[in-house]
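Sharing a structure below in structure tokens format, with a few things to ask.
Naming follows writing order (A, B, C, D and E), and every chain is counted from residue 1.
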Amino acid sequence: MTLSGELLKGIYKENPVLRLALGLCPTLAVSNSVINGIGMGTAFTFVLLGSNIIVSLIKKGVPDKIRIPVYIVIIASFVTIADLFMAGFAPKLHKALGIFVPLIVVNCIILGRAEAFASKNSLGRSILDAIGMGIGFTLTLVFIGFFREFLGDGKVLGTPVMGSSFEPVLLFILPPGAFLSLGFLMGFLNWIDSKKVRK
Amino acid sequence: MKKTFKGGAHPPENKEYSNSKPIEDLPLPDRVVIPLIQHLGAPSKPVVSIGDEVKTGDPVSEATGFVSVPSHSSISGKVISIGAFPHPFGKDIQSVVIESDGEDRWNEKIKFDEKYMDIPVKEMIEKIQNAGLAGMGGAAFPTHVKLSPPPPKKIEIAILNGAECEPYLTSDHRLMLEKTEDIIKGFKLIMKILDAKYGYIGIENNKPDAIDKMRSITSNEKNIEVVGLNVKYPQGAEKQLIKALTNREVPSGGLPMDVQCLVQNVGTALAVYEALAYNKPLVERVVTVTGSGIKEPKNLRVRIGTLFKNLVDYCGGYTVEKGKLIMGGPMMGLAQYTDLIPVIKGSSGFVVMTEEESFLEEPKPCILCGRCVDTCPMKLLPCTLGTLVEYSKFEMLGEYNILDCIECGSCAFVCPSKRNLVHLIKYGKLKYNEIRKKSA
Amino acid sequence: MEAHFYVSSSPHIRDRESIRKIMFSVVVALIPALVGAVYFFGARALWITVVSVLTAIITEGLIQKLRKVPVTISDGSAVVTGILLAYNLPAGCPYWLPVIGSFFAIAIGKQAFGGLGYNPMNPALLGRAFLLASWPVRMTSEWVAPRGGTLSGITTWTGATPLNLLKQARKVIHHKELYTDNKIQESFRILSDISSSYSALFWGKVGGCLGETSVILLLIGALYLLYKRYIGLEIPVTYIGVVALLAWAFNGTKGLFTGDPLFHILSGGLILGAFFMATDMVTTPVTVKGKLIFGAGCGVLTVFIRQFGGYPEGVSYSILLMNLTTPIIDRYVKPKIFGHKKVE
Amino acid sequence: MRNIIKLSSILTLVTAIAALALAGVNTITKPLIEEQMRLAVHNALLEVLPEASGGVCVDVGEKKGELFEAYSSPDTTGLAGFAFKAYGKGYSSTIETMVGLDLNGNIKGIKILFQQETPGLGSKIEEIKYGKSKPWFQEQFKNKNAERVAVDKDDGEIKSITGATISSRAVTNSIRNGFKKIKPRLEKIIKGEQK
Amino acid sequence: MNFSELLIIALAAIFVQNFIFSRFLGLCPYLGVSKQLDSAIGMGASVIFVMSLASVVTWLVYNFLLIPAQSNLFYKIFNLDVEKIPDLRFLRTIAFILVIATLVQFVEMVVQKTSPSLYRSLGIYLPLITTNCAILGVSVLNIDSEYNFIESLVQGFTAGIGFTLALVLMAGIRIRLDMAEVPKPLKGLPIAFITAGLMAIAFLGFSGLSLE
């Protein structure tokens, strides 16, 4: 695969959330606003990038039997770093994302990429993969976040954009709205794909 | 004790077309087609060749095992062909075709035997097999097999099935009115063969005249009781009949003898009597020809092998050009694509429906209304069975006990979505059995 | 003459019942309540119903066109959904509410799953739950007082619908420390007055969703459906029975077995729900035993939500929640098959 | 066996390195985080008790961070008022409010510190109307006596949010009840100060 | 300790703040293992067990090792000054995940040894559970909510029950969806999400629950 392909695949073709159905919990939980999506996406990308780099660097030295535990420790370390810095520099966001920051550690995308990609590929490719996947994840969160914030709260990035006569569809900002938005987004992508295939 | 079972349906009875028509003898046909398969079990093997002269009652084929019966010529004449001919089961089947000599000369051995009651049981059973008896209630299971339960089993209750729950059909009804004594004699023979303690005669309450007649004839018999049954389909189905009369449930996968019962159709009882008392093989039976597609519906005594077309012509012909021809009743009967099919031992009637009557709506998705569940006499979940088959989930059919289905058609009848449940279930049974065989 | 015969699998005759007949009978059965709604709440009740039904039909037709499947709007199921959704709205709500609700009910509650027969949950109730979650203020404050009566059905109290009144009063009494004496006394008076609302509740002279208020008119329709055997008594009777029992046992303010079962039966959407919505066959169990469990479950949940929940009324959520259990009930609760010793 | 020991020691080593690295990060961020937390409280205090600006707030709570004294000058003299944290169970969260009081028990300002009420409904307790700079719901509390605040539905003066009576009540009642609870202590402190 | 408080924790974990429908924790196994009823029940049972156990163990780790308070073992054993106890809270994430992973491994081993039949029905789900955020989630939530030991256990156990409830209901519905004419683009995961959304709407009926 070309290098740019390595970067871009995570955005659409192998989008971790929409295509691989991984990392669903944070996607649904923090996608109620754009800003949450950006925050989560950034933290996630940082952890993914960090762990992909380290895993790719040490891939030869780790015995197979303890590969997973070692990866988990590495990932957990980066998560903690992200967690601590976020608490120090962006306390509001940190509070809004709640337990989903520490939970990045079990996010299946990260372990999945470490396992399936970084442990088998060169450092450069692993970095590109991490950035691509991170962007794919972040974009998905931001997209769903935009949709939910706009419909459910009448706001974009926290600023009211609809007139006062607009009565937002509260459901979208509530938990069911997350499921419905993601479900229909996935269905929509399937529909587009089927159109493409027919052509 | 409630004289019925749980579930069931109430299709329109439509018996008035023919229930007051006395049985008439159909004039002898010019030729008969005698299929070698008219019963459940191994097909019989022909014993005549083309050109042979036969008399009425002469065997034309022999049984090929215990669960098999011979066929007999139903007229006198000459064998003109042996080959595959259209058959009510929907495919062509090996048959012996006999051309009538118009004289109806009977085999000499067929005559009244005064001491018929005294022959040993074993011989009786042999005679019944040789007479070619197969159940006349529809399934055509060889009668002698049912009458010889394997040693540890003991039949305590013999049941005469006069329910005739299928709409339209009236042949059993007319027989019970016109041949009452002979039927009872046959029933007593059956009880004697089995050494049965009690006899029940179950008749649906829509035939009060038959109940009265049967009661008057059996009033002196202490161990025979005539029981009026709720009018409900499928009251005549073996398991449901036993449940209604004795409150016993034939276990799943089991046979009536597992609950010490045996069920025979009234026509079979008559045939048993004639086979033992007259040595008469099963060469004729009573057939109801009915439905709004028939000009003059009738009950006819017909030689086995007579083509259905002859029956129709005798009944004045069809009223319509297009319609549906069913051998048996409309709930379980087999639709025929031609009327050039022979009457066989299990043909209790032919129903001809008009085009409008035979129109079936497009099936729609199941709305889970549960009507089929309420109505199923076996207490299955027909809707689920149907859906599982539609989506090819054959391996799950066992969990829903598909093999317990008696294919009575009640579920499909009541379904507001007009689903072809029985069709699906039949197909499902086939597939499920395949899977079971493979894994066994 | 050479006759031509059709061939098909048995059985060759079918019952006259059809989906369409059943659905339009339900429509007929719902008409008395609509007449009542128009009488009590004015012509707006009729228009809301019309808007809701039309949206339901158009949505169903459009989606089926889009999906390129046969358009089945004439089977009447969308009409029933439309009417029932309208019956679940306050009479004073703006017209866009039934439009959006009906769209959600049909498009997402029903067609997304493949249409009639495939939806796991009651579409009309999903529509209502969607509206309630999205515009709670609209859905809980657009009440219209009935002609010649009050919202509460009690002449001396005008502020709220009966169950709301009860809920608020109970709350005040449980948290006396938070409220003024005035308020506490008032709450006690409400509790003692509540039984004077029976007749208003029975006839429908009370505030509430437009189709749920009149017990007698709903029962007339329900009797018709029972007579036609389109609904059975299993669910309604267990549902209402369990509500009565539990309300009597636990809803009193003076300890166990001091509750007012009659009030709980007559008020809110229980009659509408029990006879017309908990009986929707698509989303309820097929077996008799299953239906009894379903009805009882609805009863328990309704009382639980009325008693402890954030909403004064629990009927719609109870039915929706029990809808979720339907596939499991159908899977594990089977009738005893003829000839089997026991259900495994 | 030997293998197990080898594997365990590698794992331990990795973990130890990770722990050390994290300890390093922690020493950097810990003061930052603590400062953030302090700032949050401090800013809230200043907001609800502008009189105390310039002065410091001294924590006097039994439970850490529940009750504050405010002084009008840096050397902790001249008691200017109090602030306390009130907790009320709302619709879907426990709402945490900082309440500023003058010495007579009149509210000088309130600030919601934490709430997770339904967005668009209960969360309107923090809504800032277009063109305004302060949340209208919280502004209502200014200069009301903490002992007597109540929402309109309970015959009080605080206008509750439509469709979110529960959240409105939670804030209001938590302030009233919180004040009732600390009142004796406040009186004691004031007496001590006057001595 | 107050019984009604525990009841509130339980009701919240099962209904009001169901891990699936409200907290969004454990969605992978929720969607992955809800295609069949038997496996849903097996998975549910495993999660209930592991969640309870993890709640207890992580609570102990946090309160006896990580926080600088009198409960800390350093304080107890070395008689250290509270002020001087190292504040190891920053190690929470790494400690919890390792504890949980070890715990699951251990449980797997024990079950395999003691009850092969149980292992056959639950064993396959155990490895899946390590990377399930519901387990780590409940552990972190217990700490964030400042729950005591019993409260943590109750929350862990009942959250598992809530998870199982959601899983089993979903499995029932998905079996039915398998035999429905779902529009093509929505087949599979999309309709599963939509169903979960509608289920979450139904669970809104429990919102605002208060025991009084």
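Assorted remarks:
Rule of thumb we're sticking to: contacts are C-beta pairs under 8 Å (C-beta built on N, C-alpha and C of every residue); 3 or more make two chains touch, one makes a residue touch a chain.
Keep in mind the model is a prediction, meaning the values are calculated, not measured.
Contacts with chain B and chain E are shared by C.
Counting hops only between chains that touch, chain A reaches chain E in a minimum of 1.
In terms of the stated touch criterion, the partners common to chain A and chain D are C, E, listed by label.
In terms of the distance between Cα centroids, chain C is separated most widely from B.
Chain centres here are Cα means. That of chain C falls 35 Å from that of chain E. Distance between chain A and chain C, defined via averaged C-alpha coordinates, is recorded as 41 Å. One simple way to say how far apart two chains are is to compare their mean CA positions; for chain B and chain D this gives 87 Å.
Look at where the CA atoms of chain A average out and do the same for chain B: the two points lie 70 Å apart. Touching of two or more other chains is recorded for residues 69, 73, 76-77, 80, 84, 168, 170-171, 174, 176, 180 of chain A.
In chain C, the residues that reach two or more other chains under the touch definition are 108, 114-115, 118, 130, 133, 136, 310.
Within chain E, contacts with two or more other chains are made by residues 90-91, 94, 98, 181, 183, 186, 191, 194, 198, 201, 204, 207-208, 210. Inter-chain contacts occur between A-C, A-D, A-E, B-C, B-E, C-D, C-E, D-E. Those residues of chain C lying in contact with chain A across their complex are 108, 130, 133-136, 138. Chain E makes touch with chain A in their complex at residues 21-28, 31, 90-94, 96-98, 101, 131-133, 135-137, 140-141, 144, 183-187, 189-194, 196-198, 200-201, 204.
Partner chain B is touched in their complex by these residues of chain C: 1, 3-15, 17-19, 21-22, 72, 75, 114-118, 281-288, 291, 330, 334-341.
Residues 91, 121, 150, 154-155, 162-163, 166, 173, 177 of chain D touch chain C in their complex.
Those residues of chain B lying in contact with chain E across their complex are 365, 387-388, 390-391, 393.
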